[in-house]
Amino acid sequence: MSQTKPSENKAAKDASQDRQKRMIAGHFDKLSRAKEEGKKVVYTFVPGNLVELITSLGMLPVLPEINALQSGMRKLSGGFINEAERGGHSEDVCAYVKCDIGMMKKGNIGPTGLPLPEPDLLLLSYTGCFTFMKWFELLKQHYKCPVVMLHVPYQSNGEITEEMRAYVVRQLVDTVIPALEAVAGKKLDPTVLADTLARSREAEHDLVKVWESAKHRPSPIDGYFGGVYYVGPIFSAFRGGEDAVAYYRELRSEVEARMASGEGPVTPDGPSAKERYRLVVEGPPSWTHFFDFWRMFAREGATVVASTYTRVGGLYDGGFRHDPERPLESLADYCLGCYTNLSLPKRVELLERYVREYDADGFMINSVKSCNSFSVGQLLMLRQLEERTGVAGGFVESDLVDPRYFGKANIENRVQSFLQMLDARRQRSAS
Amino acid sequence: MRCVVGIDLGSTTTKAVMLDEEGVVVGRGITNSRSNYEVACAVARDEAHTAARFAFVERAAQALDGPGAELARQKLDELHGAFRLELFLAELEALRVTMHASLSRSFVHRERRAELAPAIGAIVDGIRERAPADFLPGAARKSDFFRDLAGAAFVAGAEARAREGGPPFEQLVGVFDRAILDVETRRLSRDIPDLLRRASARVWQRDEGAGLPLRRALDRVVESASAETLEEIVFVGTGYGRQTLPFPKEAVRSEILCHGRGAHRVCPGTRTVLDIGGQDTKAIQVDAGGVVTSFQMNDRCAAGCGRYLGYIADELSLGLHELGPLALQSTRTVKVCSTCTVFASAELRERLALGQKREDILAGLHRAIMVRAMSLLARSGGVFDEFTFTGGVCNNPMAVKVLRELVAENYGAGVTINTDPNSIYMGALGAALFALDDLRAGVNLVTPAFAREAS
Amino acid sequence: MTQLLSAGIDLGSSAVKVAVVRSRAGQEVEVLATSVQRIRRRMMHEVASAAFDEACGAAGVTRRQLCYVASTGEGEAPGLTTGHFYGITSHGRGGAVLCPEARAALDIGALHARAIKIDERGKVLGHRMTSQCASGSGQFLENIARYLGVPIEDVGALSLTAQAPEDVSSICAVLAETDVINMVSRGITTADILAGIHESIAGRLAKLLRSVGAEGAVVLTGGLAQNAGIARALESLVSEEKGKFKSLRVVAPPDAQCAGAIGAAALAAQRYTQLSRAGRLGALSQERAG
Amino acid sequence: MSHPHDDPAGAVLARARALCEDMTFAEVRAWKGANPGRLVIGHMPIYSPRPLLEALGCLPIAIHGGGDQLEIIRGDSYFQSYICHIPRSTIELAVSGRLDAFDGMLFPSICDVIRNLGGMWQMLFPEKYSAYLDLPQNFDMAVGGRFYAQELRRIAGELTARGASALDQARLRDAIRDENARRAALRALDEVRVETPWLIRASEAYVAARAGGLMLAREHTALLQELVARVKERDAQPYDNVRVVVTGSFCEQPPLDLIVALEKAGCDIVDDDFMLGLRMIEGDIDEERPSGDLLDALAAAYLERGAATASRYIGAGENGAALLQKVKDCRADGVVFAAASFCDPALLDQPMLEAALGAAGVPFTSFKFAENTGQFQVIREQAGAFSDSVKLWGAA
């Protein structure tokens, strides 16, 4: 067993965290200077994003969803949402959209305090969420820049057919790439794209190792609360870049060191309590109350060993990799294979697999008001999973970035009741 | 006797259940949850304590022989009523004092004090005069809570005064509303032996014919019941407000677990539990051992819970007890749309104005609530045999009737549906059972301050 | 042009309000008398005719002298009225009568609140209502007041004496009550609790006002306008706002609760004139029959 | 006028209404009994390839939720409170056995709710046929059209495997003709409504159109033609109402009483986007195609003549243009947005449409509903204020 002392581990943890912070700061810095430096800017969505195409053409991606979640974490989203609602948006609709629109109306200041450049192109990769379409229609009205639509068919039968792939590739060739090239003012260089995809693949490989570390007891990571940090670079602007490769290499070695020394994940209140419950979580977290929510689990020694939210930007542990040998096909498969583009039965299968492979004691669904794509059907998923796995499920409701929908006392009540129920069931099966 | 206590601090009522070391229920107590949680749970526990004492009284009476013994046994109900009356009168006096005090304190009322003070005095006197009749065996009371009893009587008195040209109704009621809050947040000390003695005096004084034998017999019963010790050693709390209980964290259990366990204890065949309380509804599935396997709760919006019925009762100037029986008289259920607590009253008014019958609208309201509950049950996995209905709303016969119909319609007629007169105590019972576990496991828990001071 | 006498009856969910006015074709409105009667479980039409008689008596006019009687609000008063205007229309118009410089009216009644943007004639340019939830309405405040033992008339004044208003978080009226119970138990003063509630209601109202794009003077109408605490809380909220809402000013006229009735009365005369010009007076009794 | 005895159109309207309100689908059962071996296929609102289903010998039945009479007991247990109503009542219909006579369900791509509902169906009713129909958002015939024709072919193949007739171009042509005839009849009805709204209320036209989702096109055409003939015999006078277009309710439908409440508040609804399942294509579907494949005709109709709804990608920032055209075509005084609560597509679209109307000076008002709303007071108020304002102060 490794002799690494906890303090050194902490330093190691800080290394990857710090690297990520620097990467993000650097990116927003570049964005703030984009216009003066003549760099083109493309806005696009996380699920099924085509950052490799964007960066290979020397353009900078902006991901409004990430901005919205950052606003949520920095407690700015409430104000932005108000701003959008006063402009006529309904209380009922996805809060990400309203948060983004509110932010735009208030001057489009990004998460690091620097202004964001206006888009030169909106790349509407319409994957796994209907709202994306409306979102960019709304932005289009404001920015009056071109929009390019990539329609990604839904895997309703749980598989990617040849027709679907061909339809996506055809759109890439016919519309998407030409539109990107027109804005970039140059042709896409296939070797640049291939190199980028190769780097994506490398980072993806390391990330999968990080996920799989959670099979160890105790798990060295929290695959949900901690996991959302781990997916930061690969879901957003950095995939395919050198930075991302370095980040994931570093992260993987930190995690492996913790695993070797038998340490658990780091929580907001320092090293985790003894691992008492291993959970699988479905659904996105609440960003406005992220740490409150995390603590409800961490304090009780509940570690999340796998989650589906951390797969919305790619199901790498399902085997998918970006592939320089089949660039367009692999991009198509990437779009088609995102978690929210899976049929409901496939989502249940995936969760079932996680519960078994990660040897979980229970699973938890955080159902967010904003997201119909995630939320519709979750109650049936709960029941199906309970039946198939025999472990208990819990259900809480909140929202991504609308602080009005986080009822702290209620959620705490449910989480506690759920964990106490796991205890009671455990005692029963022990006796 | 050594006991454990479970306390269920609910959003509308606070319940306490005492078990002896064998797990036998020795006393149950209930009070309305009020602004001061600590007082609420102390009072609930006082009530349970009182009930336990009455169990001793009962036992002593059964053991009694000699002259007057038989008659004393027959008078037990009356003794109980008289005891309640004594409690009521003590609180009424406290209320009187508080109302007068608030008249001089509140700047709102100060200017009208000269007019208000005599009116209030007269109303309280009137209540005092009529009170004994309400506590005779068989008398129908709208509620057992002081707030409700005194409130209804005071409102009636204030209405009469206002009609006769006295101070305006709303001002009188305003004074009451303010004072009742103060009264409720104080815990009147309860000298049970003394109250018992006074109650017994009332009983034998009423029945002069029975003479000395009855008096002696009652005295003996009272003394022997008062002599027993009652020691509470472990407490476990649960319920909506459990986080605010003056208990250490380890002595607090999730209400879901407690309700499941309590219901399972009372009806051991239970697989599904529905609990409808004041502000939330819970659907719970338990296994053969009473361990919760899944649950769902409705707690973001108070729509369709007990509070809703409370508002409706207020709107119709009825007691909660009367709502269900009135709805049972309906011949044609009206389809009601609002389950929002606030809008329900508005819809009720609108429909009454349209000429629809009270009982038919009420039937519709009950149906609307139970349909919501059915959907929560479905969400938790369905209804399995046996099915136990708990929580305060279980005291409402219309709610039970509609539930039976809906369960039969959706899950077949084969499902046994349990209700129990003590359904409202299920959560507290479950908590008490956990306390018993703790006692048996040798967990040494601190008893809350209020318990130490009382025993 | 001749002077017309007309009346408006506002049949609310908690009170009936009547106004008798004199005007020139619905302009230059002079309010002759108003009356307010709380319904309190009485039958609506009884309350309506009592209030109507009271107002006519106070104005010294008879039913026959009125050219047009318009109802407004949620209820109906068959037999008394000639036609009907919807609450938003009548409150907008009434707001303009009570406060000619107002460019928005904010009507806060027992169950709903609505923000109405108007022009100088009281014509409705846009409006928003609170949706399903009842928190933020008069009924809610009444429940809380009752719980705290403060007469509804005094709630506003009392809230103004607060030292440190306490935040109310719940969006639900019922759960907010639980919040209040909690506050009482924590020893928060009645004034601070009330102030907190007023702030939370004002927050909702401000949102409503912003959503219609109100500017300039806002006239409060409806029963809650009589609550000085609401007016103050709202004012401090909208004047704190940066940017385009800086110019909002809140006015709470004395006759605010009758604004709907006054507006309906003014519109009654206007409609009468319109119809008589169009030669359609004969159709009057059938208005809205469809 | 609602008296069937005095009203020339009473009988036909009563039949249509009874059909729409029958949540037991008795007529569907009867049809199935009379046509053994043929399939009944339900489909959710918005565009569904009804002519294709008819050509395969199936009876397509539009499912529009459960309306305001169905008591939701199990349906609610599948959906959180912040999801619209139509999926709950649809599930309720199914789990309560009311859809037992159906052999399958089609879930066209309307939004994520319907998409996931399709997945729930797969898990809940594995023995029944169910298909998600992906509507292309790429409107190039060579790309989106090809994909779409493939989707249709896939579904046809799957149905044939389950006992429907094989795809046959001649039968498809007949079905398209029937569909075009129905469209013509609907247009004739709409014309009556626009020109003489007092002859037929929107609430009446609504049930007549909605009934069409419950029968074959040919029968519906007959029903509509009879209705048009009958209402013209009516002896009704114009009302003093304002003319409005209702928009936003393309999927979950408002309760009939809500439409009536709008009319009572002084609005003549001269156009709407209810029932788009039948009206999603503007103009006719081609009865011939150069390729010889009429699936291309269905694809082309959808791509090139599909009505603008919130479910369809509007590329060039032209949101609202189609609505303005509608307002102009039917000489409306204003627009009423009536969207189902929690309907993301409609509610996200709304600010864009409002901006377009605002710029064109068309007055509008908006509110939300649920299919089982029973309280119309707020809605009446808003619609009433709207009609008051137009009436008292003239348009805009």
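In order of appearance the chains are A, B, C and D, and numbering begins at 1 in each one.
Heads up, the rule we're going with is that a contact is a pair of C-beta atoms (placed from the backbone, for glycine too) under 8 Å apart; a residue touches a chain by one contact, two chains touch by 3 or more.
Since the structure is predicted, the reported quantities are computational estimates derived from the model, not experimental observations.
Under the touch definition stated at the top, chain B and chain C share these contacting partners: A, D. Which two chains touch most often is answered by the contact tally, and the pair is A-D. Taking each chain's centre as the mean of its C-alpha atoms, chain B lies 53 Å from chain D. Note: centroid distance chain C to chain D, computed from Cα atoms, is 40 Å. Between chain A and chain D the centroid-to-centroid distance comes to 37 Å (mean Cα coordinates, whole Å). Between chain A and chain C the centroid-to-centroid distance comes to 49 Å (mean Cα coordinates, whole Å). Shared interface positions of chain D, i.e. residues touching 2 or more other chains, are given as 77-78, 368, 377.
Counting partner chains per residue, chain C shows two or more touched chains at residues 74, 131. For chain A, residues touching at least two other chains, in rising order: 88, 379, 397. In terms of inter-chain touching, the protein chains here all touch one another pairwise. By the touch criterion given at the top, residues 300-301, 335-338, 343, 347, 350, 371-372, 374-380, 406, 410 of chain B touch chain D in their complex.
Listing the residues of chain D that touch chain A in their complex gives 77-80, 82-83, 87, 109, 111-113, 115-120, 122-124, 131-132, 134, 136-138, 140, 143-144, 146-147, 150, 310-311, 313-315, 317, 319, 339, 341-345, 347-352, 354-355, 368. Considering their complex, residues 74, 84-89, 112, 121, 123-124, 127, 129, 131, 267, 270-271, 274, 283, 287-288, 290 of chain C touch chain D. Those residues of chain C that touch chain B in the shared complex are 13, 41, 43-44, 74-75, 111, 132-135, 139-140, 146-152, 154, 158, 172-175, 178, 181-182, 184-185.
Contacts from chain D toward chain B in the complex involve residues 71-78, 81, 372-375, 377.
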